[in-house]
Structure formats: C-alpha cells, structure tokens
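Paired with chain B in one complex and with chain C in the other, chain A is shared by the two complexes that follow.
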Partner chain A sequence: MPVNTGDETVSKQENSNILELKGASKRFGAVQALWNVDFAVRTGEVMALVGDNGAGKSTLIKGVAGIYSLDAGEVFFEGEKVSINGPRDAAELGIEVVYQDLALADNLDVVANMFLGRERVRTPFRLDEASMERAANETLASLSVTSLRSVRQNVAGLSGGQRQAVAVAKAVMWNSRVVILDEPTAALGVAQTRQVLDLVRRLAEQGLGVVVISHNLHDIFEVADRITVLRLGQRVAEYKVAETTQQEIVRAITAGDLQTVPGLEVEV
Partner chain B sequence: MSGAATPAPPPPVTARPSNPFSVEAAKNYWQNIRSGDLGPLPIILGLILIALIFQSLNENFLTSRNLLNLVVQMAGITTIAIGVVFVLLLGEIDLSISYTSAVSAVLMTELLLDDFPWWAAIGIALIAAAGIGLVIGVIVTKFKVPSFVVTLAGFLGLNGVVLLLIGSGGTVVIQDDVVIGIANEFLADVWGWVIAVVGVGAYAISQILLHRRRKAAGVSHKAPLLIGLQVVGLAALAAITVSLFNDDRGFPVVGLIVLVLLIALTWVADRTTFGRHVYAVGGNEEAARRAGINTDMIKIKVFMLSSALAGAGGIILASRLRSVDTAAGGGSLLLLSIAAAVIGGTSLFGGRGRVIHAFYGALIIVGVENGMGLLGLSAGVRFVVTALVLLAAVVVDALSRRGRMISGRA
Partner chain C sequence: MSVLARIASPDVRDWGERLALPFAWLVTIVVFGFLRPDTFLTSDNFFINILGTQAVQVALALALVIPLVAGEYDISVAANLTLASMIVALLNVDHGVNIFLAILVALAAGAVIGIINGGLIVGLGINSFITTLGTSSIIAGVVLWISESRTVGGISSGLVDNVIIGKLFGIPYSFWYVLALSVAMFYVLEYTPLGRRLLFCGRGQSVARLSGLSVGRLRWGAMVASGVIAAAAGVLYAGTTGSADPASGLNFLLPAFSAAFLGATALQPGRFNPFGTIVAVYFLATGITGLQQLGVDTYVQQLFYGGALVLAVALSQLARKRQALDFNPTD
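Showing the complex of A and B:
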C-alpha cells in the first residue's frame, strides 16, 4: 500500500482515482434511487458525499460495497474495470465500510471485535490471541488512537468516539485501500467529534481513499478535500472544499441543477 | 499487516507485565466491582455461606463422605448445565433438555437390553440426542420460530417419546456393569493423585507457554509471581480434594468425566473460533452476520452440542439410579439445570457467562438440596429455599448489570 514517502509519490497519488463509478444507476420498483451518477475517490484524499434524505447516498455506498448490485454503470478500481457482486468482492479489493451503527459486539473486547469473522488461528480453530492483540495494538497506534485503556476491555465500556475509532481501525486492518464512513460523527460530542475527524484525516494522510457521508457541513469543511453533492438520485455537482462555501453547498443540496426531471428519465 | 499500519510507532501497550500486587491493580479490581463486574465473587461468597449454614445445622455436611456424595449427585446436572450455558450465550433457550436427557438414557437402556455393547448403546444414545438438537436448531434458524416455543414443543413431545419407549413396564433396570460403573465406581487412591498431578502439571505448563508466547509477541502478560501463586493455589485445592475423596471411597469416575467435560468445553468457548463466534452471535447477531459468520450454522451446532450434553447428563443420572423409569427427565431437572447455569452468572440475554461457572452454579444448587436432605426437610421447604437461592442469584446479576449500565459498560 502506498504511504506518503515523498513529495513525488504524493503528487502522483493525488492525480489517481483509486475508485471510480461511471453512470451508476439503480432503481427500486418505481423509485429511481440513482441515475447516471459519476463518482470518484482519489488516494490520499477525503471525499465527502452529501445530500438530503433520499438523495441516494446510502444506495451509492451500498452499490460500491456490494450490498446492492447496480442496474447500470461501470466501476473502476485503480483504473481497471471491476465487477462487485457481493460484500466479499468489495473486501477483496480493499473497500471497507464503517456503518453508522458500527456493528460492534458489546460483550467482546477490542481485539475480538477487530478480528471478528477473520480470527487468526495457531492450529485449526485455536485462536492466536497474542498475535491478534499485537496487530490490534499496532493498527491503533498507527492511527494514533491512544485513548484506550486496554485493547482487552469490552467495547461496551468505550465512549462513542472510542467505539468509532475501533470500528475504523477494524476497517483499515485488512489492507484496505478505500474506507467509507457513514455518518461517523452523528452521535458524538464536540471533543469526540474532534478525535474522529483527526482520525479520518490521518487515514487520508496514510494514502487511503476516504469517503465520508455526513449531514454536518461544518465537519465536512473541516475534514474533506472534495465534496460530491447528490440530489434526487443524481449528481448535481462536485466541489473542491478550498474553492467553495457552505452556502454554495446548501444551495446545491436543495436546488442543484438536475440532468433530468425525476420521473422522466430515459430507461437505462 | 495492512499498509495502514506500516509506519507503526511503538504500540501503546508494550510488553509491560501487569503487576497484580500494585496499588493500581487493587484500584482496578475495586473499580470493576463497583461498576458491576463482579466475576465469580458472589458465587464464592454464596458457597462459603452455604457451607457455614449447613455445617452448623448438621455436622455431617462437610464430611468427606457427604462431599463425595455431593459430587456424584451434581454430576448429571452439571453436564446438562454446561450445554445450557452455550445455549444461553446465544441468547436462546432450550426447554427440552430434560426430556432429551431422558430419551437418551431410555434409548441407551433399551439398546443394552437388546444386547448392544455398552459403547455402542451410549454412542447411539448420544447421537440421537444430538439429532434432537439438530432438529431444534434447524427449526429455530430456518423457520425463524423462537427457541422458547420450539423447545416447549420438544419438552412435551419428548416426554411422550420417553413414555412410549419405556412402554407399560414402568421401570427398566440397567444391568451393564460399565454403565452402572459410570456413577458408582471409584478409582483407587493412587489414580486420584495421578489425576491431581497431571491436572496441575498441565495447567502450569500451559500457563508458562502462554506467558512466553505473549511476552514474545510483546503484549500484556501476567506477572510470573501471579502464575506461581495460581499454580500453588490449584495444587493445594487438588491435594485437599483428592485426600478428601481418598478418605472415603476414592476419586469418583463420574467426577473425572465431568472434570474433563468442563475443562474441554471451557476451552472450546474461550479459545476457539467457534466459541468466539458463539459469544459474537449472542452479543450482536447483526455484527456477527456482517463479519461473515454463518450465524445459523453456529446456532444449529450449539443446539446439537447442548442436546448431546443433555444426553450425556441423562446417561449419568440413569447410571446413578441403575435404572430408568417413566419419571425420567421430569421433576425439577430442567429448572435446576437452567438455574445452575444462571446462578453461575450466565446472562439470559446472551453473550455473557462462562462455561466453567456452570460448575459453581451446580455446586450451589445441589449443595443446598443435599444440605436440606441431610436436615430431613420436606420437598415443599426444599423447593421454596432453592427458589430463594435462584432469586438471590438473579437479583445480584440484575444489580450488577445496573452497575454496568451506570458506568457505561452495559
């Protein structure tokens, strides 16, 4: 996995789309959830995905994660056309999703949660706890997560920010190239939001492509490099954070130009 | 490891042995207790209390003869309770275990009458029990019927099967010496000591290997002094137990069987991927499913395991009585088995509890029964007292859960 080793690598990375969707469409019965959406994430960059409820953010993410199959559209990973037909395909490419509910088992400790379903074993069936604990420590340290008392404490005892950190660490452990975070700061207080935003920033600095879905424009302007705005299942605009304002984004979310009037789309 | 972790700064938790005698460790322990993480503390206090009460009321309670009787009495319930712990860890319930145990025992007895060798009779009976678990597991997972209802049907239906298998005779006597020996044979004195030495030695070696491995991996590990104290403590406990047994009839065969089952299945629950996945399904089924765990398969396997253990428990109970009759699996067997698991600290809501604690729970339940038997109390009094013990255990659990909620560890 590329890590920021020098200026040259960085500038090269900044030009490469690690994950790209072209013309993605998805229909649920009478509802056109996505229509002809282009979307790209670059390495070392945080891409924010914003839009009102029902704009198609979740559908897009679930399409990338292999939970839904797209009706039309092409997916490119590192420039090569790929087909994602299930969560396993996505995981093999290195695409990991951190869902809003985090999917942690409260009764298990941090190590057990990070390795859930992919436990390391010494002999068949026999857990290799020492090696898993070490790897968990290393991953958390590489993300500068230092607020945990012990990786052997149960997740139930963690704060919201710590839980988010564990969920993110769980996602980046597996040679991940793209990490998608669904509303990572939704339930957090000020200090914990700060910690999570720093964490998101560090993921990008380590050369991953990061996608953040959020309703909180303040957070997005703090953490993202680019913003893709969805409205009624269509991509209305893409902005560089440095060249736009919150007002402009709000306008795009609520009244951005559509390619076509909903209900009158061409069949795809 | 992942590239994300390549430029790894030193891990936050380094190879620092945790010193169990430091002020910090004492504070942590107190903190855990205050926040409702009681561990086996209430059980141990309860056991001491029970021993004191019954010994003061009847001086025969703490004799080697009675303690040996206690071990034989509790063997069946302990075996069944181990299976109950697994089912409860999933957040499910199995009400049919008592009659599964009876079906297994009756089947074994009938096969012995048909001149099957003991090993074949026991093997077929255990497979039949596991088959009952398979059916329960498939119905619960594929048809999404709550396990309470499925196993309630099992409770009734299997009771019927017991009556049908036994027929009009009423009682069937077991005549196979090996089967009777399970609960009625005692090992020569020397074997008791062999078991103690092998057991303590194996524990010491496994702890030393674990310590080395964790130290080599650079993760937290126990202080050597603590390991030494634990080994010495276990050795003392083993020596006292064996000399008590040898004072009377010797180490009971059934005690050895239950000991092996307890250790093996505690290992399965704590140290294998299967055990880890059982806890995960009980803690957050959705998280387990998204992690790629086949949750249905885990549930089916657990129902099969618990039913097979119920079958083994039934065979132990039949061996002790040297016969089976139409009352097999009835009475308070079901409730005492579940009570043993719950008193042992297993949560009814899934995900919390340890297999080895089923032993403590059974010890309390059967200890109280045994003590009241010595005092010659009526069945009515015994039920009421047992109920109060169960209630006390559940209330302690609920209070500790509230403590965890308040301290954010729910």
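Showing the complex of A and C:
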C-alpha cells in the first residue's frame, strides 16, 4: 500500500485536533487566570495538563466546559469554530468533564448519578428506570468496570476507585468525543490508581480525546501521550511524553518562560 | 416497580427503621384507645377530629416538603396559609365573590408569594431561611391590615360542605384531598425527571450545576410550589372552620416542620417524603388529642411539638449521616 496516499485519511484523523483553544484568556478581578493560552487535544490521545496550584488548569477546563465564559479566545471542535455558553453546549458537542470532588452526589444511587440531567423517560412523566439501569450496566461493562456490587447502591458506599470509574462511565455514556478528567487519581491507593489509569488509556484507545489534569507526574508519564504545561495562567511548554523527562516538566512548571511578565500584560 | 416495592427498595433489612413511625402511630392509637375507649376511638373523634381537621396541618407540612427536598426552607408557609384563608373569607363574605373565584385568587396569591420568595432567594442569592422569615412577617402584617384584625365568619357552605362536612367512607373530604396531593407529590418526586433533579438540587447542588441543570430555576419552582400548596392549605383551613382569623394559622408552622422532619425518618429514611410526612402529622396529632383527652394542660402541646421537632431533626440527621450525606440545605 502506498504510504503517501492510502493512509492519508488515517493519518489525518490521527493528527486532527478534536478540540482546540486559541488565545484563551480569562480574568477574575485583578487576577489574570489565563492569558493567551493555546491548547489542543487529538482523537485517540491522552493530553496531560499540568501546572502548579493557581496555574490556570481548572479555569481552562471550566472555560471549555462552559462553566466560565472566556474573556477572549476561540474554541474549535473538529476544526469548526464553536461557542460554548454553558455545560449543555459542551455536552451537546460531546465534551464531558469529570470533576474531582463534584462529579457525583453521594446519597443517590449509581444510575441516578449517571443519568443526572439526561434521564431517560418512557413518557414525559415517567422515568424509564429499567432502561437506564441496563445502559448503566452496559457502559460500565464496556469500560471493564466489574467491581460494582450493584448500580442501585448509593455512591457513598463506593471505594474511591469505583467512584472514579462511575464518574468516567457517566462521562462516556453520551457518545462523548472528549473527556476531561480533573485529578482522577488524587486520593487513590496504588491498585485503584492503576485501575483508573488503565481506564483512561482505554478511553483513548476507543478513539476519544482525553485530557487529564494531574499533579502526579508519575501517573502522567504512565498514561499521557503529550503534556501541556501551564504556569501563572500562561502556556509555557508542550512536550511529547516519549521525548521528555520528569525533570524537564518540573523545570517548566516552576520556571518555564512566560510570554509576558505577570502584572504587566496589556488589557485583554 | 410497584409503589410498595419502591418504598421498600433497595434493602429489606432496614424495614424496621422505615416502619418505626407508622408503628409508633399505631401504638399511640391503641394506647389511647385503651385508656379512653369511650371517646378516643369514636368516629367523631378519630375520623373527623383527627383525620379530617388535621388535613390542614398535613397540607402545610406537604408544602414544606418540596423546598426541603430542593435544599431550601420556607418559613413563610404558615403566614401564606393565613393570607389564603383570609382572602377567601374577605372576598366571599365581605364582597360576595363566588367561592370558586375566591379560592382561585387565594391560590394565585400563594403563587405570587412563591415567586417573590424564589426571586429573592435565587435572584439576589439571599439565604432562604432569612428570606422567608422576613416575607412571613410581611405577609402576617398584610393579613392584619386587610382584615382589620377581625375574624371573618360565614364563609359559603359550599366550601365547608366540600371540605369537612362531606365524607367518603366516614372520613371528611379534606383527608382525601391531602392524600391525593401526597400521591401526586410522591409520583413526581419518585418517577419523573423533575423529581430526580429537585433531589439532586438538595443533595448535591454543585454536582447538579456542573451537570448542566438549571439549579436556580428548580429552587425557584420549589418555592412557587410551596407557596401554592400552602395557599391550598389555607383554603382547607377556611373550609374546616368556616371562617378566617388573622392569627391562628401561624400556629401550624412548628408542627409542619416537626412533621416534615419526622417524616424524613420514615418510609424512605433520610429523604423528605410525602407519605412519611402524612404519617408524622397524624402521629403527632393523635398523641396530642389523646393527651388532651387524658386531661393534660395545653402547654403539653407545645412541649410535644417542639420536642418532636428537635428529636426528628436529630433522627433524620442520623439517618442521613449513616448514608454519608452532609446535611446542609442552604448550601
């Protein structure tokens, strides 16, 4: 097979940015939380987003998710310019975010949580519990999550790893194209971290664009393909995991070159 | 899934907890029936006095359940009840307005109060407890003003007949009205997306917001629903007494809270629920009526309701904590 022609669609697909931000900026009062940030994730890859506390990681994903509106910058989804004005818009595009502590409500069962806001109904006035339960089980099974006793148990009774798995399942249930995970392995034990990382890898293998925010460089080097480093609200570097080292990333996080000196940047 | 199976699910082992309150009610009935066989278990006393008259209290407690599910307080329900009963009386008696129309106006007033409460809570972001404490006082003032502090009697017998005089199986209609209301509420809370979302609003407001629910609209809607149901309770009150006075309705507030919280320990423990609330109202009313027939002083009533509220909050707190929930309705 000729390499230069036949594979063109494949290689195009592999290299196409499913989600791309250009020049994203966001200011909260006197604090410039994001400044002129470019960020992109491709289908089938895990992009890690790293940075110190206050570097702008959460602001960036909340901008993508429609929780915050960006002051400036453009968002492209599958190459098309889009405007995301709320979580609904993001969800409609196929962008799902798994928030660190706020993904699930404790005192409700797994099915209710997974279908929150998108409940299936038999008639407009009747939830279709059986169908939701089946779909929840199927989604969990497709992610090889088998450790749950029942999808009817309350989330409060789940282990940290199971919670994370349910939160991820909730995110991928909607034919999602991009899944953003905020600190998915924080507060997990070794074995559970392993499971979650495997799960993250599996998402990418299924052709999703995956963004992982983490403080744990060890985890990132295990799971990610590329790394974007934020510092003081600016993107200071982007690396391929295969071509960098943890030392280099730490250096970028703590001392990466800024486009402008904080406090002196022009008004957006 | 049948209603019973739904109430019983998912774990059969905590049936004891679910049925503790209904059982306690039964015990109260048996004990007082044994102590006062001539008066307590008569149909006049039990069916009309307890089941019928207390329907007003049930309706008011049910009005509270909706905002409580959504994580908000509505202190203004009792004042709202008083206003509705006074509107019915003034329009019908003083101005000769058709009773049906008067009821509609009263319900509309309840809706308006709910809209104002919701607007203050959601729009301005004021704590619901404080907001409704304030509006409650305002409404009570308005009632005194429009009624000139009078008791207005002589409401159309059409209303009275259809509330407390008319009976089905020996029990006044008012009981069946609130039973129907509770069935409707149970259905909405348990089987519809709306109910599910209200529950998330109260249980995990941030989770709900981040999932794209319009949390503000849901909370606002809960306040409006509570306003309308409280006004309906006022209509029942006017029908039960055939009159309206500017003060007595306010006495329903504390028992309503006692019942709503006590109800949250029964049938679906850890969750504010309409059937548990009904059982709680009747448990409390049965206890009070029985004690009164034993000849205890009236102050016991206040001790009873107040004690029940504190105990119920403590118990429902425990029930929820066991389910690892942080109880923080005004988050």
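Things worth noting here:
FYI, the second predicted complex is superposed on the first by the 254 of 268 C-alpha atoms of A that agree within 3 Å, B and C clash if a C-alpha of one lies under 4 Å from a C-alpha of the other, contacts with A are read in each partner's own complex, and residues count from 1 in each chain.
The rule is simple: a contact is a pair of C-beta atoms (placed from the backbone, for glycine too) under 8 Å apart; a residue touches a chain by one contact, two chains touch by 3 or more.
Remember, it's a predicted structure, so these values are computed and weren't measured experimentally.
Superimposing the complexes on chain A yields a three-chain arrangement in which chain B and chain C clash.
Once the two complexes are overlaid on the shared chain, A:245 sits clear of chain B and of chain C alike. Shared-chain residue A:86: touches chain C; no touch with chain B. Set against each other, chain B and chain C differ in how many residues of chain A they touch, and the higher count belongs to B. Looking at the shared chain after the overlay, A:104 reaches both chain B and chain C.
By the touch criterion defined above, A:116 lies against chain B and chain C together after alignment on the C-alpha atoms of chain A.
Looking at the shared chain after the overlay, A:259 reaches neither chain B nor chain C. After overlaying the two complexes on the shared chain, residue contacts for A:69 are found with neither chain B nor chain C. Of 38-46, 56-64 or 218-226, the chain B stretch that intrudes into chain C once chain A is superposed is 38-46 (criterion: clashing C-alpha atoms). Residues 87-88, 99, 103-108, 112, 116-117, 119, 121, 125-127, 129, 150, 152, 154, 156-157 of chain A lie in contact with chain B in one complex and with chain C in the other.
Interface residues of chain C, counted against chain A in their complex, comprise 1, 9-10, 191-193, 196-197, 199-200, 203-204, 206-213, 270, 320, 323-326.
Interface residues of chain B, counted against chain A in their complex, comprise 1-13, 213-214, 216-220, 271-274, 276-277, 279-280, 282-284, 286-288, 290-293, 351-352, 404, 407-410. Interface residues of chain A, counted against chain C in their complex, comprise 65, 67, 86-88, 91, 97, 99, 102-109, 112, 116-117, 119, 121, 125-127, 129, 150, 152-154, 156-157.
Of all the residues in chain A, the ones that touch chain B in their complex are 1-3, 87-88, 99, 101, 103-108, 112-113, 116-119, 121, 125-127, 129-131, 133-135, 137-146, 148, 150-152, 154, 156-157, 159, 172-176, 203, 206-208.
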